[in-house]
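The two complexes that follow have chain A in common; it is paired with chain B in the first and with chain C in the second.
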Partner chain A sequence: MNLLIEQADPPTRVYLAVQDRHWREHGQVDFGTYVLKGSLLVGGDNPVHATTSGTLERTVLRPSSRKNAEPALHLSIRSDGKDQWLPRAKNLSPLTQSAEALLTKIATAGIVGLGGGAFPTATKLATAIRHTPRYLIVNGVECEPGVQADEALMHAASVEILQGALLALQILNLDQCILAIGEDKHSALEIFTQKILQQELSGKIQLLPVADKFPNGSERQLIKICTGTALPRNVYPAQLGISVLNVSTLYAIYQAIYLDQALVERVVTLHTPQSAKNIRVHIGTPAKDLVNNNFPSRANAPAVSTNLIQRGGPLTGWIQSIDACVEKGTTCLQLIKNTVPKPALPCIRCGKCATICPENLLPQELYWYSKPLNEAKLNALKLTSCLTCGLCETVCPSQIPLTNMFRDSQTLLKQYAAHKQQARQVSARVKARTVRLEKSGQSTQSQREKRLSRLRQSRSSNHEQ
Partner chain B sequence: MIYKLLSAIGVLGTIALFTGALLGWLNKRYKKQDKALVDVIEELLPLTQCAQCGYPGCRPYAQSIAEGGAINKCPPGGEDTIARLANLLGREPSTLDENFGQHSPIHLAVIDERSCIGCTLCIQVCPVDAIVGAQRFMHTVLEDHCTGCELCLEPCPVDCISLINTDIQRVYLPA
Partner chain C sequence: MNNKRILSHGLNLGPESRPTSTASIMNHVLLALFPGLFAQFYYFGTGYLYNLAIALFAGLLCCLTIALAMTSTSEKALSYASPTPKHRFPGSIARKNISPILLDNSNWVTCVLVAIALPPNMPILIVTVAIVSALGLGKYIYGGLGQNIFNPAMVGYGVVLISFPSDLALWPPVIEGLSGATPLEQLKYNSGQTVQELTAGPAFGTLAGQGWEWINAAYLAGGLYLIYQRIIGWHIPVYLLASIILWSAAWYDMGSSLSLGSPVFHLFSGGIMLGAFFIATDPVTCPSSTRGKIYFGLLCGSLIFIIRSWGGYPDGIAFAVLLANLCVPLIDHIHNIND
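Let's turn to the complex of A and B:
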C-alpha cells in the first residue's frame, strides 16, 4: 500500500454525532443556517464543528459508529460542495502564549485522541499538569496490522508533528519527550531522524524505535516500554504525570494553534478486499459514500455487497453498519464479507490464551467466571486490566469469542460498581434525613405515611379521570 | 510434691492462656466477613424509596423480607426484582402484588424552574434530599440523586414538577 494521502471530496451530506442534551443546552446555530467549514455548531466541553460548508438541516437518527451502540442522534449538514473554511486568524505567536491559553485553544478546536480513544486531549493534558508532568510520549507505533493512517501522516507532515510535539512540551513545561515509532516504519524513522537533526531538536525529542508487535501501541504497553515500569491497575497515566499523545493528535494540535483550524478532517485507512489507501476524510462522512467515491466499481462487487464495515484495525476493531459515519476516533475502515462466524466449541483448557496475553491474565479463567458472571472472582483475576486486545481470541483453537465476552463483563462490573455506589449514597442520604427530621421533632414514619396516602390518593384520582 | 503440682498447673495454665489468646486473635483476624442478609437484599431493591411497598423505604422492606415477609410488594422493581430475590432466598418467584401499584419504568423528576414559586413543599417530601431551594426561591432537582419516586409531584401547588424518561438502566447485582 502506498503511503500517499488522498484528499477526499466533501460528501453530499455529513452527519455529526451529538448528544440530544448537549445539543439542546449548547447548540449554537439554528436549523437551516448556512455554516462554513470549522463553524462551531455545539459548544460546551465536547464541541462539534461543521466539517464542510453547507446548510445545517436537522437532527437524524443514524447507525452509530460506537461499539455495540444503538442508533444515535446526528446533526446533518447538506454540503454545498465548496468546502469553504471559516476565516481563520493569522500571525499567531504560540510561543509567547501561556499553557492555559493553548489548552483552551485545544479544547475549543475539539481535539480528542485520534489514535482511536477519542478522549479530550485538553482534559488529558490538564490532568497531567495537575499531577506534575513527568513524561511526554509521542505515540507513532501504530501496531495494528493494516492500519497506516498514522504512518502516512508521519510521511506527509513530519515537520508539523514535531511542531505539535514542541507545543505539547511547552504546555507541559517539560524539556524532553520520547517519540516512539514502530520499528517496521523504516522510512518514517529515517524522515524523523533527519528532521530532528536539521532542526536541532535532538535535545528535546528522543527517537525510540519500538517493536511493532501488537499491542505495543496501546497506551499502557507503550508506557511500560518507555519508562520500564508497568502502570498500576486503576491508575490513569495522567495521574502519574505521564501523557501519551498520538502523532495525529499532535498534528491536530499544530493545526489548531498555528493555523487556527478546528478538528474537522482526519486520515483514515480504507481497505477493500482488493486494495487499500489512506484518505483525508471529512469527519461525519458516511462510510458508504467513502467506499463508493473511492472504489466505485468495487463497492457493488459481490464480495463486498455487504451492509457491514469494520471500524478500527483487525484486532481491536468492531463491525458497524456501512451507514455509520467517520468519527474523530476512526483510524481505519475495512469492508468485510458477510460471513457467519464458526460456532464456539467448549474450552479445552489448552492454555494458549494465557501464554499470549500481554497483560499476563488468565483468559480461560476469565471466560469461566464470565458466564454466569462472578463478580468477586473476576475482580480477583483483574478483568479490569484486560485491554480487550483480542489476542487470546485469535489463538484460541475453540474459536471462543473471548474478547466480546470480556468487554461485556467489564461493562457489567462497572455498572455493578455504580449501582453499589448509588446504594451507599441513597442509604446515607436517607439516614441523614431521618436523623435530621428526628432532631427537629418530626417523625419520618408519620411523614412517610402521610406522603404515601397522598400518593395513593392522587393515583386513584388519576385513574378516575 | 506441692511444688510439682503448682508447676504443672502453671505450665498448663500458660499454654491454655496462650492458645486461648491465639485462637481469639485468629477468630478476629479471619472472621467471616459475610454481609448481613438485609444488606444484600437492600442492594437488590431499586432503592427508589417510594414507600409503595407499604414500608417507609427500601431498607425497612428489606428488613421485613429478611425476616420472612413477602417478596412481591415492590412495584418499581417489578418481576425482575422478584426473580432475583427469589433466587437469593431460594423461594418460589411470585407475581407482583398489584395492590401495591403497577410496575413502570424509571423516571427522573424535573422542576420547571420558571413556574416554581418557592414554596419548599417538594423539599419536605423528597426522601433522598434530591431537591435544593429555599423559601421564595427557585427549586431544582439534583439529577444524580433523584430516584424518581414521584413523591414530589403531588404536593406542588403549581404543578411544575414533571417526570421525564431517562436512559438510566438500573443494574442489579447477580444474586
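Let's turn to the complex of A and C:
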C-alpha cells in the first residue's frame, strides 16, 4: 500500500460531535457566526474546535461514530472552502514551560488518544503524574492488518513525533521512553534509527521493534512486552505510572505546543475492496463525502454497500451508517461488500477462542452467558477486560459474531452498573430526606404545639373577660 | 467476520489457529478414527462394518426426523424454551433447518463412536436403540449441537448397556478357539491366579490382551494426530491416562493374585485410548478452562479405574465419562477463568 498521505479537501459541511451534556454553558460562539479553522466552539473538558473555516449553522442529530450509540448531537459548519486557520501564536518556547502549562495546552487543544481509544490525553498524563510516572511507551506498533494510518504518519513526520515524545518526557519528568514499532514496518524503523542518531536522542528514546502479531499494539499487550509484567485486571496503566501514547497523539501534542494548533485533522486509512489510501481528513467529515471525494466511481459500485461502512480495522471494526462522521478516534474506514454473512452454527465449545484470546478469557463461556445477558457470570468471567480485538471471532469454526456480541454485552453491563449506581444514590438521597423531614417535622410539631397552647391561653383569657 | 478477508490483509495467527469450520473439525475426528476402526475390523471381522452400516443408516433417519420436527415447530412455540434474545442468537434451535444437522458432521461422529463401542454383529434393534438414544436423548433433547451436557455417544451406549446387558457382554474372541471372556474380565475374575500366570495365557499379548493392545495403539495414534492438528487439547488425555497409571500402580500389588493389573495392561485394555482421546475430549461436554480440563481428566481416569476394578462392569469408560460430565458445570463454576 502507498504510504503517502493525501490531504483531503474540506467537505461542504463538517459535523462535530458534542460530548459535553452541558455544552450550552461552555458555548463560545453564537450560531450563524463565521468561524476560522481551529477556533474554539465549545469549551470545558471536551472542547470542540472548528475543523475548517465557515459558518456555524446549527445542531443536528446524526449517527454517532460509537458502537451501539443513539444518534448524537453534532454542530454543523458550512465550509467556505478556504480552510483558513485562526491566527496562531509564534515564538513558543515549550522547553521553559512547566508541566502544568503544557498539560493545559494539551487539554485546550482537545487532544485525545488517536489510536482509537479517544481518551483525553491530558487526563491520562495527569493521572500518571499523580501516581509517580515510571514508564512512557510510544506506540507505533499498529498491528491490525490493513490499517496504516500510523505507519504513514511515521514516514511523514518522524521528527515531529520525536519532538512530541520529548515534550511528553518533559511533562512526565522522565529521562527515557520506549518507542515501540512493529517489526514489519522496516522503513519506519530505519527512519527512526537514523533520526535518533542524527538528533543524538539515543539516551532518551529507546527504539524497540515489536513482533508483528495481533494485538501487540493494544495498550495492555504492549505494556507486557515493554515492561515484562502483565497489568493486573481492572487496573489502568496510569495508576501504575505507565503512559502509553500513540505516535499520532504525539504528533498532535507537537502541533499543539510548538505550532499552537488545535486537533482538527487526523490521518485515516480508507479502504475499498481493491485499494487503500491514507488521507489527512478534517475531523467531522461525513464518511459519505470522504468516500465520494476519493473514490468518485465507488471503485466497484455494485459490489459495495451504499449505505454502510465499517469503522475501524478488519478485526476490531464495526459496521455503521455511511452518514457517520470521522472522529478523533477513527483510524480506518472500509467500504464493505454487499454480501450476506454466512449463518453462524452453534458453539461446540472447541476452545480455539480461549487459546487465542490475548487476555486469557474464555470467549465460549462469555458467549454462553451473553445470549441471555447474565450480569453476575459475565462479571465473574471478566468480560470488562475483553479488548474486543476480534481474534476469537476470526478463529471460530462456527463463525459466531462474537466481537459484536461482546461489545453489546459490555455496553449493557456498563449501563446496568450506571443504573445501579444511580439507584444507590437515589435511595441514599431518599433516606436522607426522610431523616431530615422527621427532624424538621419534630421541630415544627413542637413549635405548632407551643403556638396552639399560646392561642388557647389567649382565647381562654378572652372568654374570661 | 469473513475469515478470508482478514487473511487477505495478512493477519498472522500462527499454526494453532488456522480458521476452520465445525464440519472440518468433525472430518478430522472421523479421519483419526480410521486406524482404530481398521484394527478392530482386523481382529473382529466384518461384524464391525455391519454395526457401522446400521448405525449410519439409523443416524441418517434419526437426523432427518429431528430436522423435520424442528422445522415444523414454529419459532413462537420454541421461544418459550429458548431465552428471548436481545442479541442475535445464532444458535437458536428454532432457526435450524435440515442442512446444518446433516452437514456439520457431528452426528456422524456420534454414530461411528456408538458403532465401534458396541461388540460386533449386534442386532439391528440394539444398534438402533443406541443411535436413537444417543442423538435424541443425548443431544437434541437439550437443543442440539453444543447444548448437550452428556456425551451423546456414551448416552446411547449406556442406555443399551443397561437395557441389554447379556448382548453387550458378547465380545467375540480375538483368536478362534478361545473362551469369550475379555482380558479385563479374566483379570477381574482371576480365580486366585497371579498376574504372571494370567498373562501367560493365550488371550494375552506382550502389553495387554491379544489384539486389544493393537486396537488401543491404533486409537492412540489417531488421538496423537488430533492433538497434532490442534483439534483437541492434550490436557484431558494426558491427565486421564496419568490418573489410570497412578491408580493401577497403587493397586498393582507386585502382580499377586489380588493385583488389579499393571499400569501398562490398563493403558492398553478395553476402550481406554478411544475414551481418552475421542470421548472424554468432546469439547461440548468438557470444562472450558485449562485447569478445569485437568480436573476433568483426572476424574475420568479415576472413575474408569474404580468401575473397572470394583464396579459391576468389566470396563467403565461410558459411565465414567457420563459421571464426569455431570461434574462439568461444577468444575466450570469453580474454575471459570484461564489465569
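Throughout what follows, the second predicted complex is superposed on the first by the 407 of 465 C-alpha atoms of A that agree within 3 Å, B and C clash if a C-alpha of one lies under 4 Å from a C-alpha of the other, contacts with A are read in each partner's own complex, and residues count from 1 in each chain.
Note that contacts are C-beta pairs under 8 Å (C-beta built on N, C-alpha and C of every residue); 3 or more make two chains touch, one makes a residue touch a chain.
Predicted model only: the values in this text are computed from it and were never measured.
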First (chain B), second (chain C), both or neither touched by A:66: neither
Partner chain(s) touched by A:224 [first = chain B, second = chain C, both, neither]: neither
Chain touching more of chain A, residue-wise (chain B, chain C): C
Which of chain B and chain C A:380 touches, first, second, both or neither: second
Contacts of A:407 with chain B and chain C, given as first, second, both or neither: neither
Touched partner set for A:347, first chain B, second chain C, both or neither: second
Chain B versus chain C as contact partner of A:78, first or second or both or neither: neither
Contacts of A:429 with chain B and chain C, given as first, second, both or neither: first
Which of chain B and chain C A:204 touches, first, second, both or neither: neither
Touched partner set for A:416, first chain B, second chain C, both or neither: first
Common interface positions of chain A, toward chain B and toward chain C: 372-373
Residues on chain C engaged by chain A in the complex (per definition of touch): 1-3, 5-6, 9-14, 16-22, 24-25, 83-91, 95, 100, 104, 106, 144-147, 230-231, 233, 283-284, 286, 288-289, 332, 336-339
Touching residues (chain side chain A, partner chain B) in the complex: 372-375, 412, 415-416, 418-420, 422-423, 425-427, 429-430, 432-433, 444-445, 447-449, 451-452, 454-455, 457-459
Partner chain C, residues of chain A touching it in the complex: 145-146, 212-214, 314-315, 339, 341, 343-352, 354-357, 360-362, 364-365, 370-373, 377, 380-382, 390-391, 393-395, 397-401, 403-405, 408-409
Residue numbers on chain B that touch chain A, as the complex places them: 42-43, 47, 49-52, 54, 56-59, 101, 124-125, 127-130, 145, 147, 150-151, 153-155, 169-174
